[in-house]
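Take a look at the structures below.
The same subunit A turns up in both complexes below, where it pairs with subunit B and then with subunit C.
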Partner chain A sequence: MSEVLAARARQVTRSGDGKAPIDCEKQSVAGSVSQRACTFCGSRVVLYPIADALHLVHGPIGCAVYTWDIRGALSSGPELHRLSFSTDLRERHVVFGGERQLTESLLELIERHHPNAAFVYGTCIVGVIGDDLPAVCKSVSEQTGIPVIPVQSEGFQGSKKQGYDAACEALLALIGTGDTTGISTHSVNILGDFNLAGEIWIITEYLKRMGVEVVANLTGDGRVADIRRAHGASLNLVQCSGSTTKLAMKMQAIYGIPFKKVSYFGIDDMAGALYAIAEHFKDPELLRRTRELVAEEIAQTLPVVEDCRRDLEGKRAAIYVGGAFKAISLVKALRLLGMTTVLVGSQTGTPEDYEYLTELCDPGTVIVDDSNPAELSTFLAEGKADLFIGGVKERPLAYKLGVAFCDHNHERKLPLEGFIGMANFAREVRGSVCSPVWQFAPRHQSAALGTDKEL
Partner chain B sequence: MVISNAPRALVDQDRAPSRQPSRSTSTTNACRMCMPLGACLAYTGFEGTVPFLHGSQGCATYIRRYLISHFSEPMDIASSSVGEAATVFGGEENLRTGIANVARVYHPSMIGLASTCLTETIGEDVPAMIARLRDPDEGLQATTGQPVPRLAFAPTPSYAGTHADGFHAAVAAVVKAYADADAAPNGQVNVFPGIVSAADLRHLNEIVGAYGLPSALMPDYSDRMDGVTVARYEKLPAGGTTAAAVAASGSALASITLGGMVTPGVELAGRVLAAHAVPHYHLPLPIGIRLTDQLTDLLGELSGRAMPEWLVAERGRLVDAYIDAHKYAMDRTAIVFGDEDLVVGLASFVAEIGITPVLVASGGRSGRLAAEITRLNPTLEGRVEVLDDGDFTEIEARASELKPDLLIGHSKGYPTSRRLDIPLVRVGLPIHDRVGGQRIKHLGYRGAQDLLDRVVNTLIQRRQDTSPVGYAYM
Partner chain C sequence: MLNHTPLAIQERSALRINPAKTCQPIGALYAALGIHRCLPYSHGSQGCCSYHRSHLTRHFKEPVMAATSSFTEGASVFGGQPNLLQGLNTVFTTYNPDIVAVHTTCLSETIGDDIPQIVGEARSQGLIPDGKFVIHANTPSYVGSHVIGFSNMCVAMAKYFATAVDTSRRRSTDKTQVNIVPGFVDPSDMRELRRLAESMGLRVSMFPDTAGVMDAPQTGKHVFYPDGGTTVEELKNLGRGVATLGLGWFASREAAVEVENRAHVPRELLDLPIGVAATDRFLEVLRFRGGTITADIERERGQLVDLIVDTQLHFQGKKVAIFGDPDHVLSLTEFCRDLGMIPVHILTGTPGKQFDRRAKEILGTKFDQTNVKRDSDLFLLHQLIKNEPVDLLLGNTYGKYIARAEDIPFVRVGWPILDRAGHSLLPTLGYNGAVRLVSRMLDALLDRRDRDAPDHEFELVL
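Now for the complex of A and B:
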């Protein structure tokens, strides 16, 4: 812990140490190599999976380059979201303004691709050079007849959280503009699921079997027309609580739609989510079908989990993912595999999330909000982690230290949601933790020789 | 985004399509990265250096993720995390705090600073801030006791150029700040390699060293971006060009800029040193026999030595391999895309094994690409199209008309390769869909040998896979 910068000390805590609550929802400290991204990133990830919309990044080229088809958000139809569109601002635009470039780009791309809506993302310099994003969007919308929605996602505004909020504002501009006739009373919207590796299709299949209609997948395999009629659903399911809770709250305020926070990771939370949905609709038949479904799925999943558990019992895991709800589910899922958690971090949790995590975890578990490679490596070593669960930025850190890795971020190609996802997770974790390659890693070699007391 | 800024003569009238794709206002699927990315990569190649972006947090994080996916190595990039208040009132406090924090946690020998779109646009005067940081009375050390490490600064707003420009700006910033014109004459050869793989950097060191010349690659990230597994995390992994070598560059025997013929600004560092009377040579990236010969000839001249025997043997084996393979390559065509300096070398290489590079495309915009390709390959005159400042929409449009046998370039060409069913030979950066991007060999006779095998085997495999006979003997 010696390396924790003084200003950041309260962004780290330990379960059971009785310290003051963790600091979170703060801007990253200058000069710490944060694992976090920016406001633009937050907006881009939430809206990205709307597959029949044009996503135009208004700014110099970098922001569009680094978000080109990097996420595993799949579409069952159009794939416009997988292209990277940029106004590619140059020096002359910075000097004279980029509004004309934006207008011409929008008209050109809308004519070329015929999207059902367009989202225009503001990057850092847009406001600084004085471009009036809403005005341009309004004018192009009038000319083209499709919704053209400004997303005020200038990167400097803060962390991803501010970007989530900007994305939710953009979604609210679409919601409520479609016809809701014919929507069943047993109907939901799915919020905060990004359809990574086709995960949303696992969930919608469960809902179908239960007899629940899905009106809109707001953030995964999304379609403009569905989102426009999302206000006709009876219930909002909010996963990845960090990104879309505010949207759910606003939909509740505006349209009176209640919401439930759910997690689809792990057997417990997946089953819990389905039962919560079933109970909401107070329909005995629906509840019966849900029970059957859960029993059937668990019967198929448990043997895999049991099998993997034999190899994983007693192993130690570190979790550093975006989203506190995901972190909480992972702690439980790892427990099911016989593993303990030595580090949990979520980057974007709220005080309540961290309070819950502190209660859930074993005493001594390190709990962090924002962190950096220097700290994470110390925590990995101190906690003698056998497995690191994180995103692509954390992967080389784990590997460099000879620690197994599970990608639980937006680039994953393996579905981890649902009951089948738990089986996949168990196999993935076992495959990496039990790989023969670790025997050659220095930390295992020195441990075997008993030469390195610190690891 | 213009098809060919080239002299008219360059465009083959027979091949030129009747309808050229019209100029786009916007960019779709860019074939380049941003300036700060190049700067961060360059700084990583100096010993004990932490790259530091003065801008909002996202830039550093995106760039880390992008480079990590290519090199499979941890990569730390610090950020001044400029927020809303700093955007309005100026980011000096963020920069100062950031530098102090990096200095305290990393104990770097240098912090490599680069600006971003945001801080350039709000008009941050970073050199003045650096001067204030170092002020004996009000600087960081005076006010906090924190010694200030060496600092280099390159202005790198994304709108002003490409990652290649950012890379060279950072190298030049280091040389400008720390090359010592008064250092004792040391016989060192400064090599400015540009953006090449870790394996290439190692090989360049080996080649220059084989002529008995102490080489200083600037930068050299071969160890830091292609390192070994460790028991304990090293915040600053070992490796990189030493401060001593940078200082010595000011009175070196010679400087060699590789690839500096194309991208304006690339030869910046060499020019700085030329002002210190260090002779400066510009060569294309040594890809293929002819361009590698240019380098080995120069090294022979500088050292007064003949080509080392192992290199003679490598060259000899390569000629032999060219001959063995030529019938698989003849009458074939390829589209080459990527960084300007790289595509010049690759176009020359494929041309000398008998493959016509029907389109050479880059997201760079030096305007010198076409002229350089024909200068080095007069036989390509009239047989090659050049696309400057291009994106993959344009490359794909041309590819669907030109119907080449091969695409040669980085991973971002994969969607095009897949849609058009044209095999892709992966070279350059980024390699995001294969392991080993950091180990791809492009340079020297050895690099050409690898490229030859991969290119020709890809052609053979395609022929084999599409053959109704299914020969196991090609």
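Now for the complex of A and C:
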């Protein structure tokens, strides 16, 4: 495979070629133009939607700037999470330590904003200069009476995945500290939904109609008090499996709460998720209400899907997203729109994810782990993709190649979860694929790597 | 969202809220993109590189290519030499750049990696092919800001390549060559600076030059190294220039000084040419260095002057707050002053006393009436505005929160602009850039006037 990094050959496979399973969960090759982020990034994206908490980044200014309000994680109330707080470490702190800086910042912020908890994120150099984050947090917590939680997320620990683990540890410090009286037996926590474009409100509304109580959102539109009593829920719903499966497993071990992995993307997976919840509670009334809800919603969604399908039938899509679980839902949703998937990849998929994707996809579909722009543009051109689904770094790549684009990452502006989300997705995909601008924009002139001598 | 901002201003020694700067490496990465067939290289954790690429992509709407050392726990303890060696090998064997521009991060600076030593090791191991270059800049994230990182990478370009040219080896074309360090500006601005200088009959060596790289046309292919960028050949010939114009003290001074020290080309330090006066000074220096002011340039200037004369009543006495990168803020302050506006608050996140010094020169006797803040943040700017409201806010996208909270007309200028498009194609610099700026400022002020006017005062002609 000349067109990919030799060392990466095992991180690329094709559905149906009978090759050994894909090699994933490994460090990026040094020197590659990886699309991956770091541990800090993983922690920050998981915890930041908790809207009534203080989020203080302990490090030089950049880490705080690049994570300042970049995701539309909506809140129905407080918006403290949308401000950017940083200790803005300077040279003198690198030499003498930044603990005093951190303590003073925390005390000042807590006094002014009265948050219900504070998260303190450790960045690369905090790990190296040796600031004792847990000790500072403990002392400030004692002084202020609110939980002050260290998030050990030094960037060099790895990719976002290690950051998810650090975020889960931080959440576990809160969970179990609140009063659980009055929580219904039909109750859930929503894990791994960050309320982008208000998506969690769609899911919460479905659950309400079914008669299921939501105890805590982890973490979209999240509140500290809810999270403290999350251990009182009967079931954990895990979306975005990469980020919160570990948390669900720990909550099962500590509090005996079972969990279900769900996806809210696409009609199949959304309906499947609601039925799985209903079946869990073994309540015939609840199941009946769920059936009604699903029937009602599908009846509203299908006409939109069918309308869009007329324009999209036979078109080809490529997917490169953060988590593989989402990629799986997308393959199914695209199929519903009559589209085939020619490339599917993720930054942080697990072996099981890729195995499932290999089974799910049509033969010949390229499957990649931790890809890079050169590789992606090669596969896009090779697969003659009409649509690319990805995030901010993939968008300009698609457009340069004359390929339509749908942001299924944190820059999406319309909710894509739920039945309504499928309708939004269908409309957005059609809008981009069928845009009149493509008449002026040449598509797939050549592959970027391997065939392009200019490189 | 900004209902958290209290009116009372208290001293904060230990905390940054809503920053007005970011870290050095992203500036170095942007500068490196302005070298032809260069792959910027981030020596640190992979998150840094990912963040910088995303952030630059949001501003320029272009793919941004850069490689990273992908530090791990081991690297943070034992040093990043193995990562950089492997990284350079990967980069040259896979991506085939002509030149790699390495910048450091807070992590590699703190653990003390010696980049020239490691690059030397890479060369002796044969990891750097013949005819290929590796340059580096130290860009500790805990010093200065992104503007300083940009400056440091510009200095590296001069340091690695600029050499003095013997009188005997001079070419006849040398006497029309000017070197320009354009500052941390958009590709549209770099294009405009070049157009102006070339129209005066000069040959321009601009470094860096992201025109053609970060404003590439849609062609149906993803070109890893687009056509633009300063070539290594040009950098090696900086010594032939009659002068090096450093535009903006913070972003460009050091590089112009470096060229002077190494290649004995005199430096000319100028403000970023935003507005009439600063553009006049820029062109005056070009004229002094052998250029000719053409009738076209005179017409452009005349049109700009005509526009500001036609509209001056709308600007007269209006209070304005300006924030962002220091070179932008200083030039915008001068231009706003020249339009008859009152710069009430001017603020930058970048540290450096020169900001106050130059502000004092520009504002003269009115210096004391202006809040001049350096090494500061947008939380403070919001408080200042709450205490003394303004009619117009000028700055990058992050100003939108304040503009909304205080209901102030807002014109986006500078970097980054994350929520609008077109800035990488249309300049802010030069007379044409000023026309665009005046037009947008006027739109903002008059849209507001129309919006707020009671029915009987809502007029057709303004």
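The working rule: the second predicted complex is superposed on the first by the 442 of 455 C-alpha atoms of A that agree within 3 Å, B and C clash if a C-alpha of one lies under 4 Å from a C-alpha of the other, contacts with A are read in each partner's own complex, and residues count from 1 in each chain.
Note that a residue touches a chain if its C-beta (ideal position, glycine included) is under 8 Å from a C-beta of that chain, and two chains touch if they have at least 3 such contacts.
This one's a predicted model, so the numbers in the text were calculated from it and none came from an experiment.
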item: Clash-or-fit label for the pair subunit B, subunit C on subunit A; value: clash
item: Contacts of A:L83 with subunit B and subunit C, given as first, second, both or neither; value: both
item: Contacts of A:P396 with subunit B and subunit C, given as first, second, both or neither; value: both
item: Partner chain in contact with A:I298 - subunit B first, subunit C second, else both or neither; value: neither
item: Partner chain(s) touched by A:L287 [first = subunit B, second = subunit C, both, neither]; value: neither
item: Touching partner for A:M249 - first (subunit B), second (subunit C), both, neither; value: neither
item: Partner chain(s) touched by A:A276 [first = subunit B, second = subunit C, both, neither]; value: neither
item: First (subunit B), second (subunit C), both or neither touched by A:A225; value: neither
item: Subunit C-contacting residues of subunit A that also contact subunit B; value: 5, 7, 27-41, 59-68, 82-91, 93-94, 101, 104-105, 108-109, 123-125, 128-129, 155-159, 373-374, 377, 381, 392-393, 395-397, 399-402, 441-443, 446, 452, 454-455
item: Residue numbers on subunit A that touch subunit C, as the complex places them; value: 5, 7, 27-41, 59-68, 70, 79-80, 82-91, 93-94, 100-102, 104-105, 108-109, 112-113, 123-125, 127-129, 154-159, 373-374, 377, 381, 392-393, 395-397, 399-402, 441-446, 448-449, 452, 454-455
item: Complex interface listing, subunit B residues touching subunit A; value: 24-30, 32-37, 52, 55-66, 68-69, 71-84, 86-87, 94-95, 97-102, 104-106, 116-118, 121-122, 157-160, 227, 229-233, 235, 412, 415
item: Contact set on subunit C toward subunit A in their complex; value: 1-2, 4, 6, 12-19, 21-23, 25-26, 39, 41, 44-55, 57-58, 61-73, 75-76, 82-84, 86-91, 94-96, 105-107, 110-111, 140-143, 145, 216, 218-225, 349, 379, 398
item: Subunit A to subunit B touching residues, read off their complex; value: 3, 5, 7, 27-41, 56, 59-69, 82-91, 93-94, 101, 104-105, 108-109, 123-125, 128-129, 155-159, 372-374, 377-378, 380-381, 392-393, 395-397, 399-402, 440-443, 446, 452, 454-455
